[in-house]
Amino acid sequence: MDHFPTNWGRPRNDAYDAYNTYPLHHRPSAAPGHDKFADAVQRTQQPIVTGTSVLAIQYKDGIMMAADNLASYGSLARFKSIQRLHAVGTNTVLGASGDMSDFQYIQTLLDELVTDEFTHQDAHSLGPAEVHEYLARVMYSRRSKFDPLWNALLVGGFKDGKRFLAYVDLLGVTYSAPSLATGYGAHIAIPLLREVVDGRQDTLTEEDARKLLHDCMRVLFYRDARSLDKYQLAKVTESGVEISDSIKIETAWNFAEGIRGYGAQTQ
Amino acid sequence: MSIMQMNGGSVIAMVGKDCVAIASDLRLGNQSLGISSKFEKIFPMTDRVYVGLPGLATDVTTLHQQFRYRLNMYTIKEEREIEPETFAHLVSSTLYEKRFGPYFIEPVIAGLQKTPSGDLKPYIAATDLIGCLNFAKDFVVAGTASDKLFGVAEGLWEPDLEPEDLFETIAQTLLNAVDRDAYSGWGAVVYVLTKDKVIKRELKGRMD
Amino acid sequence: MPDGSFSNPQQRQFNPYSDNGGTILAIAGADFTVIAGDTRQSEGYSIQTRYAPKVFRLTDRAVLAVNGFAADGNMFVKKVKQRLEWYRHAHAKDMPLRAIARLIQTMLYAQRFFPYYVYNILGGIEEDGSGAVYSFDPVGSYEREACRAAGAAQSLVQPFLDNQIYFKNQAAAPNQPHPAHLPLSDVLAIVIDSFTSATERHIEVGDGLEIYVVLAKGRSVQGLEGVRSIQELSTKSDGDRVFVIRRDLKKD
């Protein structure tokens, strides 16, 4: 990108700034092919195509995770059937919010890792804890190069009879809790999740967990403008990873009828 | 550097058993340069209402005079002395009058309030610089060492302290808090208000 | 610039740091040390988790508390532990406390121009059997002290410790000088009071409290009897010993 307006190809540069003591177009910097930024390294980006919240909870038999199917381009709902939950091996699921291209890069990294591990044939396989540790190192080392992978990730799994659920983001910050959420979910869904889950991880049934996440996804759809009424649910238990087909959220908007500015305008 | 921290200074008030205490440091500075170690920030408004005015030194004087004037007007009109709670509201409304060009002071009020039965009940309050009142059952703090005062007071204070114990508690709280604050210190003064007397004590403090 | 070049102008707005709140503190006794930290991890007004440890056992006589940016903190602890393991493999013994302190200063200063945004407090037992606390700034300045608080509520806790541990502003009774070191039970009470006070007045402090106690070799467990939810972490019972006490703090 050329940041100097005088290089933007006006028909006649000398028509601009003509009365300056040292007119812009006389300056050496105005010579063609003199863009200081042209060969600069562009590393620190910003997220472009983004996914919104991911939610996850622990329950009796393992962990459950949910993320909607939308990838936004700014405020444009650009891709409406993107999958943001990714199985890693047989015991782990990864949920991503933030930049979707960075997420896809992370998927290739992990698939490569899983393949390498498999080809060793040493009776070891990567569990959720190992995947999380690996991701934390990747994310932290990228932030330390000032070239972050712009994501907030949730890693969940079940291996050797133990649940695992943890978070890692673009700064390399990690933590674990019975209920986790990224993005808007951390503000809107976490209070709802903590109320039900915290302290009851060992008794919460699959049915209750499923309903809880469904309700939270609905609240998020009502309140998060970058969300979609279509989401997928992943569960990881003793019997491995299961990622559902898309689930539709049923909504009711009749309340809007009586509110001016919401429904049809009736003075 | 913020105007609130230009001259430095801190005030604290605490409730005891049938008594209250209010205390402040004595420093006046210009940024990190100490100017005076005799700058009192606590003023008696009546025999049993005291106010502490930490903040911008010029506003300490202005507000003290403003309060004195308004208090005199109140006393003349009402033909009685003002109660601490009423005075707190007077402070609050005086400050809020200047909502968009405030005095840079966070007043602390301590006094003994007359109850309907004629007893005297401890009363303390503090406001921010635009007059948002904060009543507390235990203690209030203000000034450049306010976070330190909060920490020490929360650790040392207990309910129903007798006047001498309250004095020791507030003195220790203030002294140890201002010793960790570059903008407060250089001596301290403590007032303990009881039913029948007011005890004023000046304390030596670290001079560094 | 990380690559050392200033020739190409670059636009930057990514901030590689964050502040994850919390508070830590350590107090040294004559033949013991107490190192404590709360377990809340937050960013802004959001509580990320109610249990993220900030205090770590390094050896049977050294405990490290880290506070500041959590990602840097965890990475730093990981690297210190790795260096201590290498030392163990090379010398067949644990690194002495004063050597760990110097190692930490070197590791922090190595990152002088892209610092670990972390305040460290190292506590434990010296080779002479005395309790010791070392405190560090993010780029490695350090000193040995009897007590230190760091983190979000440092300004609330440190003046309280000055008063209760160093007896600042307290005159000693005639012929009865202040003790140089307090007994363990008193120290534990002061630590718990410090954290309940900080929890009351600071939004980033709360949820849980982990208190590590390091006892010098041969010292009795006096002061720990009757303490609830205590757990021993030492690998040998005939050397310096490490214990951890877990308590709840208010969650609001």
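Letters A, B and C name the chains as they come in the text, with residue numbers starting at 1 for each one.
In the analysis below, a contact is a pair of C-beta atoms (placed from the backbone, for glycine too) under 8 Å apart; a residue touches a chain by one contact, two chains touch by 3 or more.
Everything numeric here is computed off the predicted structure, so don't read it as measured data.
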item	value
Contact-graph separation of chain A and chain B, given in steps at minimum	2
Nearest-to-centre chain - CA centroid comparison	C
Mean-CA-position distance for chain B and chain A (Å)	51
Interchain centroid distance [CA atoms averaged], chain A/chain C, Å	34
Chain B to chain C touching residues, read off their complex	147-148, 150-152, 154-156, 172, 175-177, 179-180
Touching residues on chain A, where the partner in the complex is chain C	36-37, 39-44, 140, 143-146, 148, 167, 171-177, 186-187, 190
Residues of chain C that touch chain B when the two form their complex	153, 155-160, 162-164, 168-170, 193-194, 197-198, 200-201
Residues of chain C that touch chain A when the two form their complex	2, 8-14, 16-18, 20, 41, 43, 46, 48-52, 69-71, 74-75, 114
